[in-house]
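Heads up, the thing below is written out as structure tokens.
Note that the chains take the letters A, B and C in the order they are written out, and that residue 1 is the start of every chain.
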Amino acid sequence: MKSCLNLCRGTHLVRKRKNGTNLPLCSRPSAPGGITQRSCAFYGARWMLAPLEDAIHVVHGPVGCASYGSTVRGRSFRVFSTALEEKDIVFGGRKRLIRTIKEAKAIMPHAKYCFVYATCSTAIIGDDIENICKKMEKDLGCPVIFVNCPGFKGDSQASGHRVAYESLLNRLIGQGKRTEVGEYDVNIIGDYNINGESKVLKSLLEEMGIRVRCIFTGHADYEGIIAAHTVRLNLLICQSSGRFLAEALQKRYGIPYLKVTFLGPSQTMAGLRKIGQYFGLEAQAEKVIATGYKAIKPGLDRFLPRLKGKRAALFFGAARMASLIKALDDMGTKVVFTGSQFGDLTTYKETCQAVSPGTYIIDDASEQDLEHLLDELRPDVFMGGIKEQYLSHKLGIGFCPFPQLKRAGPYVGFQGFLNFAGSVHNAVYAPVWKLARGE
Amino acid sequence: MTMPLKLNGRLTIEDLNALPEIPIEGITYDQMYIEKQPICPEYIPPDQDIIPSSKRTVVIDPGRICMPFGAMWAAVGVHKCIPFVQGAQGCTTYPRYTFSRIFREPVSIATASFHEDTAVFGGRKNFIDGLRNLIIRYHPEVIAIITVCSSEIIGDDMEGFLEEAQEELEEELGPKILDEVKFVITHTPSFAGSHVEGYNRAAAAFLKTLAKRTTPNNKVNIIPGMITPGDIREIKHILKLMDIEGTILFDISETLDCPLRLPQPMPYYPKGGTRTEDIVNMGNSLMTFALCPDQGGAGAKYLEKRFKMPATIGPLPLGIHSTDLFIKSLAEATGKPIADEIKDERGILIDAMADTFHYTMGMRVAIYGDPDIAAAATRFCCELGMEPAIVGSGTESKQFVKDVWATAYEYDRKPIILNGSDMFEWEDYLKKDKIDLILGNSKAANVSKEADVPLVRIGFPIYDRVGYQRRAYVGYRGGEYLLDLIVNTILDSKFPDDRVQQ
Amino acid sequence: MAIPEEYKLKCDFTIPERYKHHVLTNRKEPNIPACNVKTIPGDMTERGCAFAGSRGVVGGPIGDCIQIIHSPSGCAWYQWGTRRNLSDIYAWAGPNTLCNDSQNRRRAVTSDLLEKDVVFGGMEKLEKTCLEAWRLIPGAAGILIYTTCTSGLIGDDCPSVARRVEREIGKPVFVIDSPGFCGVSQSTGHHHFNVQFYDQVVEYREKHPEACMKEEEKGPYDITIIGEFNMDWDLAYIKPLFEKLGCRVVAVFTGGERLGNLLKIPDAKLNVLHCQRSCTYISDLIKEGFEVPYVNASFFGIEQTAKALREVAEFFGSEEMMEKAEQIIEYELEVISPAIDFYRERLTGKKVGMYVGGPRVWHWQRVMKELGMKVVFGMCTFAHEDDYEKINARAEDGVFLVDNPNEFEIEECLERFKPDLFLTGLKEKYLCRKLGVPTVNSHSYEKGPYACFRGMVNFARDIYEGVYAPVWKFARDKDFI
């Protein structure tokens, strides 16, 4: 199967050969006019930094970027905008930015830190936001951090993720001290609390005796971030964007990191055992695993027989591909094609290992690519983000949204897997597909 | 003008009477706080043994009205038809209140005004005088004569009275009065059935009295049953799209949902309604559709017997499957193709169902209503992936049980079915179960509040919210409306505000 | 006195027997139309039946009894939670929740007569019904059984059933025999309830003296309020007014009242009678039987409420009470004057028509005057002669009155007199809208209590909202006629 854009871009779509490790071309710019699913660096930076609700977020640009940027993962956050107009673009937005930052601090006097985002327009007109931020730090008495994420930077939102993590690393982490440090302190890197995951992860680990100090960025606050360097171990969940931070923390502060994931029982059990082994808490880990699995066994017996042998397709950001595929394995569901918007080589290597031969892997799929793939392969359920949902419906294929989840609640942990299985089950067995086919 | 006071929270009766000033807006009852006094100091559970309706005699919170109401509903849908109720004044005034509450429209129904002497001597004089007064003042085209329990018990011979009345009218007003006014007698003793049966009998009576066969034509007959004016408009819309001419018997969409346009001629008659000539012409049609099997099926069966006219009885076209059946039957009977616009409408409903199944699948529903509406709603809920847990019908009906079992078997569900039970029993089952949503009429609002389960209003009667009578539930577009109601109610109650963005 | 030609309604040319029901008011020589007579069959009357009068109006508001209707399901269904006679007595819906609606409106309990009961008699069914209802709605204070056309015609002997049930459950069981076809209108039902209830209360008090008030409990200023059905919580303003005066309200007949208190009505010192159409009968009976006098009162409007307070104070003859009455009147006037002045300014000169059951037509003549509005015609469904006398006495001269109007007459009066507002009930409301005339619901009110001084603000506001709603402007737009 070829996509008509293949000629411009080379092979960004491959089919895994038996014992093969052929990977698609990735980390390339998208073809203009190809209706890509990617977004921009500002989007990526907001994705990372929005959950930090005790900070002031100032978007320096026309009001649109702030308006769109205020909704992240289906939740609304408070954002301040300099709302630049034509004359500001011509004469510079410096004065406006200074006033905005001052007024924002007056409205949120208890905020401990402030982020100032650059956008396409302000980067092009050359406003020296970095210096303004330095000056405002003296006036406000708290860190004012410049996030250099104009939309045109890099190929996709991935660059924004990196800029965000860099700003946290360079300006905040390590600035603080912690009076009370424990033997089993960890940070979690790469969980964004989309649907209550942070709580689930915390409680799972606390059951084992581990204390979670800070979750980047699903459950982080100022105190947690500045003292993030005082833990004994980092748990890396989001492999693509979070890896940068985990490696930096290891290099700078000597904190090791473990790659774990909590999607699906086998990966959850493996992750808990890994952590248990590191801390010498193997017995506790086994106990948590036993209770957790026992609680969901009846539910699993209900869903799994009906999901066995069903075919699924995946397409979203990047990081969760491999772990999601393994979780679907636990469900007995086979993946027929998978892809991501901005994955890099490491991500695709892992994915390739996780899938079975014959699966298609695609990078930066355009709308047409997705249509072709869905129409030809006709999976029973398609998992992706909001933009892909309605396309899938029109083709008569059940859709299970991930990561923006609906009523089903978090998908991590043991109970989470049951929720996940329930959502996939609903998508596959909704009566509407039969009615649509006229049966 | 004085500044209104700031009133925080609600006021007890003492506060109310101690206020030094009453603002111009007055103090309305939503600002008053009246403490609820329990009827007895502690909760005493009701006797569980006699809650199932098969084990008791008393009926608490009946889900049905008496028969004459259905006949009045039918009669009001005919153009310039005034029902004449042979009974006490209450049997007329109460239904008029009920119509006004549900449709928010004026309804003219005449009564024979039984008093004590009538109960002793019979209703002949009231009947003849009453008919005369009605005709010379209102000049109706049809008079639907409806009996009630009192006239049936005292044994009024309605047919005999009518002959006498017609003779007297002929004498007073001339022979052509008998051509100008038609009379239809419907026997509806209240104790012999519910309003469902009343409508059924009226359908049969009207067709028996008026329908004639002269030259066959290509029209279809539709006997709608007790559905909303919006529903009837939707049926007309479907017929139009299919390029089929139809006669709707008892068309209340033109009489119970009328515009306010001044000046209004007197006496008040709605412009529309099924014309008498059309009812006469119904004997010539290709086929009859009775949309509700229990409400109007008798009329369709009569036409089948008398004129060998094929009849399709039910199901009510609510939801995909039933509407598909309706449209296919229409296409087969008339030979017209299924219009493309209808397929688009079907597609839009399917699209809506595809967009929202994550919200509806697995939700447990309790349903209560008239048998045809309850059966149709059960099927639609199954199509949305919901689980009907308790399905109740106010009127006993075999067809209802059959339909619900068929749906349950097809979708592998096991609802509790209450056939002809009252709302007290249904309420008890509901409160003991874990239910997510109620599909019921306005009488279920109290139950909904007490059990803290949200209510989607469907069926008869809906009087505590506006606009339901103007909207359709049948057809594909009606299915969209009902789906929107159901999903929005679920979003209101089960989804915190930060989860509704997708 | 016959009415002049120009007042004869065209719609009644063909039934000229209606003309004796139309008069014009005259203060000096009151004109009383023919009233409380048989309805003309087929004229599209607005009247209801006796069952409506007995259970719907007078019996329904009783707050803590199970009201069982011995009839097919229809009669019970039509009265299920329809009238807004509110009460604060709620039954239990679950271990920690009270029902969503008060007991008198929440349930419709019926014996659901079927064909075989009509043929073979329904008494056994009734007995089973009562006993089962008692087990299914625990905690009630008693049972009231009502008969209807059906049970009346098949000749069920309900009092004997009631006696057996009473023995079984040990609480009062009363029967009100008021089939729909009795009398000519709701008014007969009122009468039936008053007389039968009184008889049964007296009988019960003799058999169970503990239900009466003990001598030491009786106070010097005990009153009962008779003929007040607590529409939209009128009692929230009426009761406290009398309590401020120094009286103790022993019972209210029957707005939201407990059966236990109703049994104590004859133990008061004075009965204050509000609805004089439906409850004069019981007041007379109590006067005869227990020598407790009654005073007519009207709780609508400033002048009439003030008069009621003064008369009650005068009856008790206490100086202190009469002074208190004056203080209360002065204070309340201050409280509501700003609002009432606001409305009077805007409603002066507007024309209003009235069509209610009977007494409200004369209760509200003064109220309209206080608001500056002119009454152009009045109609009553079931008024008697004394009501018409009162209307003549309180209205201006020359107001057109109709007794037992039918729908066509209402339409014609609206067209001829063109009022700016029509005070009427639910059935006429939608007809009037079609004719472009705003209405205010005179039976169950629109928003909030209308009684006494403070309630008048609500009444004035609802009238104001009716007259000044923007929709009437659009309805009269000439381009779209």
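Basically, contacts are C-beta pairs under 8 Å (C-beta built on N, C-alpha and C of every residue); 3 or more make two chains touch, one makes a residue touch a chain.
What you see is a predicted model; the values in this text were computed from it and never measured.
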Chain pair with the most contact pairs? B-C
Innermost chain by mean C-alpha position: B
From the C-alpha centre of chain B to that of chain C, how far is it in Å? 30
So what's the Cα centroid distance for chain A and chain C, whole Å? 68
Whole-Å gap between the CA centroids of chain A and chain B: 53
Could you please specify the touching residues of chain C with respect to chain B in the complex? 11, 14-15, 38-52, 64, 68, 71-82, 86, 88-101, 103, 106-115, 117-118, 125, 128-130, 132-133, 135-141, 149-150, 152-154, 179-185, 232-233, 236-237, 239-241, 244, 335-336, 338-339, 342-343, 407-408, 411-412, 415, 426-431, 433-436, 447-449, 454, 457-458, 460-461, 475-476, 480-481
Along chain B, where are the residues that touch chain A in the complex? 320-321, 350-351, 353-355, 357-359, 361-362, 382-385, 411, 494-495, 498-499, 501-502
In the complex, chain A touches chain B at residues 71, 74-76, 195, 386, 389-390, 393-394, 400-401, 404, 406-408, 422-423, 426-427, 429-433, 435-436
Chain B - residues contacting chain C, complex: 1-2, 13-14, 16-17, 19-29, 32, 34-40, 43-47, 50-51, 56-62, 64-69, 82, 84, 87-91, 93-98, 100-101, 104-116, 118-119, 126-127, 129-134, 136-138, 148-150, 153-154, 189-192, 194, 258, 260-264, 266-268, 424, 431, 443, 445-447, 449-450
